[in-house]
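Multiple structures follow.
What follows is a pair of complexes built around chain A, which joins chain B in one and chain C in the other.
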Partner chain A sequence: MATDQSGTPVEAGGDSGGIFSGVFTWMENLSEAAYAYLLLIPGFFLLALVAFYPLLDTLRMSFLADETRGADPLGGFVGLENYINVLTGNTRLGRQVIDVALTSNFPFVELGTPFFRQALFVTLAFALLSVFFETLIGFGQALVLDQEFRGRRWVRVAIIIPWAIPIVIQGMLFFLLFQPTVGFGSDFMQAIGVFGSDPLASSRDSFIIVLVADIWKTSAFMALLILAGLQSVDRSLYDVAKVSGATPWQRFKYITFPIVLPALLVAMLFRTMDAMRVYGIIESTAGCSTVPSMTCLVIDGLFGGTRIYGTAAAVAFLTAGIIGIFITFYIIKFRDAEGGFM
Partner chain B sequence: MVDTDLQRRRSKTGVSRRRFVQAAGATGIAVGLAGCAGGDGDGTVVISADEEMVSAEDEIIAALREAGLDNDVEVEIEAEDFETDSRRQSYSSGLDAGRSSPDLFMMDSGWTIPFIVREQLTNLEDTLSSDVRSRIDNEYLEAAVETAQDPETGDLYGVPIFPDYPVMQYRKDLVEDAGYNPDSDDWATEPISWMEFSEIIADVHSENEDDIDYGFTTQAAAYEGLACCTFNETMSSFGGAFFGGRENLFGPIGDRPVTVNEEPVIDAIRMMLAFMRDDDEEAADGYEQIAPTSIVQWTEEDARGPFTAGNAISHRNWPYSVVINGAEDEMGEDLGTMPLPYGVPESESEYDDLGGSRAALGGWHLTLNPNSDNFEDAVQVLEAFTGDEVMLAIFEHVGNLPPIPELMDDVGEDDVGPIGRYIDTLQVAADSAIARPVTDIWPSQAQQVYQEVHDAYTQEKTPTEAMDDLQESLEDSDQP
Partner chain C sequence: MATEQQDGAEVFGTDTDEEPEIKRGLIESWAANAIKNPDRTYKAMFYTATIFFLVTTLFPFYWLFMVALTEQRNLQNVGVVPSGFDPTLLAAGDLTMGTNPGVFIEVFTLVPFHRYMFNSFVIATVTTIIVLIVASLAGYVFGRLRFPFKGPLMLLVLIVSFFPPAAFFIPLNQLFNTNVDILRPILADGSLYNTPYAMIIPFSAIFMPLAIFILTTFYAQIPDGLEDAARIEGTTRLGALFRVIVPLSAPGVATAGVLTFIAVYNEFFFSFLMTDGGAANWAPIVEGILRYQGQYEVLFNVMAAASIVGVLPVAILVVVAQEKIVSGLTAGALKE
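Showing the complex of A and B:
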């Protein structure tokens, strides 16, 4: 009885013209599922055009040689040479992606250039640290916002304001904060011994500044996503737990956390992808020379004055590959969580 | 049961699939076509320049008309980021994309040649009229024209709007109060040594310690300006060079020596260290501490701020800042200028025409977008820019020197405003200009230069270590 009847085959729309009537008839006789896929085709096409085609084109470009002169920006096919050059530091880029050598003594690897001057390490450290702290702080904010109290609405607004500030404005804020004639930041941080004398000129100090700026901005984003997960927890579960004598920590561990975990993982996934592509906050605060990220190197190769498109494409595709690895990791965890994390 | 509900719901709404697809398709096509129907340019010639030029837009356009530009050619000047690196980036992406607007670009003489070599600009050899062409050849400053030509063929690709040379600015009133005589000692035209300069500034600073924070402000951030200009001129004033002297500035890539680890270059770095810190063992002896360590975070505007606000005694910057600082409501006549000090006299320099007071050759050219929709009009505007009236208007209102040095001979304060008081210093700077070694790979080499020099300034490496590393990386990169 429950057959998929998609209405009467030939409807009163017989005014559609002779050429198309056959197509329309076929379309109306499709099942619900098939019709849904048909309507999704323009969306998939757009996605392919905007997302997949550039990705594949970048891959193609990364296999071609750089051309710094002449009208054609790319030379002949060179295979994996660009990738090898990028990983061994043999490019015209200002900073290196990675510069380690193996030694026989512990810890068995030696850094050629300082840790915070290697783009791969800067990007990975930034992604891991920023997601970790943002999740922690965001979770805390979400737990607070989950309670009922007067003025909750205003607290929500106050928390979301950093997220609403444009990246360049925020970068300017932190830049001025650490200029000696304008802001108090460098004196204060020097007094407590954390920074040196010119934080915006030092790679390590500027990394910390950029990290703090990003955490300040994006904890709100994490807080809101986690809050959505928290609000879906059935309150009666807590009542049952209280009656059973569970401590607050046990309530969190056995009720809140497992139910929130899917939303939490989605939020962390989004943030990791964004953090791996960090560029705007770096450029408007300390500059790409002081804190090199992978995207910084790509921009450098494309618009840095010396035209090295092949190298830039190789770095870009490497970044995409690393992001892909992170996503795979998260999706595998997600699949486990769906099956019941208790 | 669920299917029946679905059926009932669907027949209630009554939109058939056919109708839906028709409606969606029609909307989509309409929206798509609306995007395609963009208008052409309205015929205005758009010049992309900076905020300084835009503030003088009316005067410049009036001068263009006086120089013979047709009244029906509309001109508009738009502002891009003031910092040279950002302008280069945005023009690079615009030209890569084949954009038709803006029609004319104001390009830094330090990175015009890479655009020429990538065949992204219009060849002006046959585009400009012959009398304009010969005027440029015969009367314009030769060093400036060289940076607008193809290094191999010598074809002209840009019209120099102005050459630019930095000068040392100082608070004349404070210096005179401390007992010095800048006017009778001819400071405006006779360069002094860096050692003497640091002693004078330290002396004046000690008399004004309560009101004034900084003795000397300059630019030492890790950016293009450090490699092309600030460090280039300091190094040249000690007799040092990147690639073994002036004849190797524009090539041949791969066939020229790299000379950055020589003694004069290291001396220049040691002097800057001494200016910033008095306790660094790598710092040179004999120089006083006159600059704050924060100069390693400063570009042009960051360094100018304190000086214009009256919080510094001396300042190294391009002439645009002389116009700002010399204005009546800023320092007025309390501003003095002098040529940049020298490290060693010219006679002691190993390379020809180096040593002595050196000023980095900056300057900007006007180039023509090959994808422009208003080609003929843009060429007209370009030719009008070679008129005397336009050069003097730019000099008066923006502070940028004319590319024909002789024009400044009879000009005084009445003709061009406050900057007219400082023309003699500017003439000295013009004679001592040193260009940067611009080639298609210079932008990436410049990055290596400013990163290593900046590391030496911030004490991440010793000067010798930094220059040895730079020697290695420049030798690696100097391949065609």
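Showing the complex of A and C:
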């Protein structure tokens, strides 16, 4: 646009008139901060309409009482009562968020209901385990895809396929695979002694099924992002390292890993947030009462028989709060990795 | 790890020159070979890993195919072959051998599945384009510019992903079902319900934080000198972004596009909210698949077939498109 004009960019389009060149000239002369805010407008406009406004409305709902009888599902202002009720287990929700009591003996805490029936523990355990295995497998897949070999395109298709499968079908697939009359998954797991007699009704066994299903599907997400990071590594660095006698492990540790780290952190950050909001795969395999996650409780409050919108909104904000605490770790990492990145 | 130690062992071995005299068993000689020639070991490790990943990712998909080929009434004990599979039927002139390949036609006769695929494809393409453009601007700002409140603004983008999608449900449902008078000339009843916009707008916002963060990391890695050079040559500020920064980050941009496209193509929650599920009302592929759940029975085999028909072409297309985008963008990029 401006290449056919002589002079500095500031003057570009200065005297050709017209709205477009006028806008461009105006943009060229903005200060860096003003230009930054200008470019952020479209993104924040979309987010404000679809995310910030609804969230503020939900926040308002979380301070209102549940009204199960009247026409309006929301009652008067009750302050933090919904939050307190959710944390103390004093609600109409099908499962509790957390149910522990302090005792005087070692280990000083006692579970009121089994570990895999408390939404907070299920959510945290799921997030930690799934992100750990997905990172490991995704990194492995990315390293394979980064090599040059015949048929690489088809291996890439194969690795993307699970990620492209809708969650409804992923759930159906693993439900059938572990459904005793149709699939053989449960027979196999029982044979090696991991599963009990009715896996889809046992919270612990179902948790494992959901975990495996999620790792199968979303390792590809990690792989694709890490692969993108690997592809931006300058290949000539490897030649230099080879000449200086670096072993492949050293090449990985000192060249590949540091360059991939930002992409890896973004991938892990978004996987952690997604894993802590897990819902679809649970609902389509074992069901929310067998493996309750935090999001399960939100859905339960909104659509499960009794309308307890206020409580559901409070659970949603508690989930966000827990994710926020978790995410702080990544934000600190980002700051260290990039130096003023965030 | 292990190979590093083996490398150390090699040094000792050559020092004492004992190697040729030792009599070795099969495994020992294989290990000795591996030590002498680490490249071969890496190759072996590479092939083992590739085969492992292929088997683990493809096996459930293969099994889904077997479920599709099994007739609904036979749906029991499906193993590596469809249940009811009997090769001896071939001799009797039955080419299907007890399986049900006709299911792949049934997919289209029971429900206009091609229309659902088209809907999903259009929605995903438009959303991906919007997300890439808007997130490119934001990613450029966060990755390369200095300005006050940068950290808090990035955190604000991220916070959207803290909330379960259900937290947006009730307010958004009201918003998109409201009849807005301004929209009346474009849309029949002035509401966005049952239009593609009702999905494209929320999807663009929901999937934008990921794209913004991906692009921020990739744009931040481009050396400042390249952008400065382009600016001195007389490119506008926006021109520098789209002609220098974006092409140089080709793998990152393509990956952000692929991740957004596939996520939107499969999205269920908001599509369920924004349409009544009719093919003519822009309902996406997942709604189509759920249509096979009849009132009295669930047609697992047809659902399996539909998901294979819906997924496989898109996976191939996405990979080919990604390669084309990366090579296309890189070809036009500046070289250092």
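Observations, loosely collected:
Here is the rule we go by: the second predicted complex is superposed on the first by the 295 of 342 C-alpha atoms of A that agree within 3 Å, B and C clash if a C-alpha of one lies under 4 Å from a C-alpha of the other, contacts with A are read in each partner's own complex, and residues count from 1 in each chain.
We take it that a residue touches a chain if its C-beta (ideal position, glycine included) is under 8 Å from a C-beta of that chain, and two chains touch if they have at least 3 such contacts.
Just so it is clear, the model here is predicted, and its values are computed rather than measured.
Contacts of A:181 after superposition: both chain B and chain C are touched. By the touch criterion defined above, A:140 lies against chain C but remains apart from chain B after alignment on the C-alpha atoms of chain A.
Of the two partner chains, neither chain B nor chain C is touched by A:194.
By the touch criterion defined above, A:24 reaches both chain B and chain C. Of the two partner chains, chain B and chain C are each touched by A:35. When the two complexes are superposed, the chain touching more residues of chain A, out of chain B and chain C, is C. Touch criterion met: A:93 reaches chain B, while chain C stays clear of it. Look at A:58: by the touch rule set out above, it reaches chain C but stays clear of chain B.
Common to the chain B and chain C contact sets on chain A are residues 1-3, 5-7, 24, 27-28, 32, 35, 39, 42, 181, 299, 302. Within the complex formed with chain B, the chain A residues making contact are 1-7, 11, 13, 16, 24, 27-28, 32, 35, 39, 42, 68-71, 73, 92-95, 114, 178-181, 197-198, 200-202, 287, 289-290, 299-300, 302-308. Taken in their complex, chain B has these residues touching chain A: 1-4, 6-7, 10-11, 16-19, 21-22, 24, 28, 85, 88-89, 92-93, 96, 111, 114, 117-120, 213, 221-223, 292-294, 296-297, 302, 305-306, 311, 440-444, 446-448, 450-451, 454, 458, 460, 477. Contacts from chain A toward chain C in the complex involve residues 1-3, 5-9, 12, 24, 27-28, 32-33, 35-37, 39-40, 42-44, 46-47, 49-55, 57-58, 61, 137, 140-141, 143-144, 147, 153, 155-169, 172-174, 176-177, 181-184, 216, 219-221, 224-225, 227-228, 231-232, 247-249, 262-263, 265-266, 269-270, 273-274, 277, 279-280, 294-295, 298-299, 302, 309, 312-313, 316-317, 319-320, 323-324, 327, 331, 338, 341-342.
Put simply, chain C touches chain A in their complex at residues 1, 3-4, 7, 38, 42, 46, 49-50, 53-54, 56-58, 60-61, 63-64, 67, 75-79, 134-135, 137-138, 140-141, 145-148, 150-151, 153-172, 175, 201-202, 204-206, 208-210, 212-214, 216-218, 220-221, 231, 233-239, 249, 251-252, 254-255, 258-259, 262, 265-266, 268-269, 285-286, 289-290, 300, 303-304, 307, 310-312, 314-316, 318-320, 323, 326.
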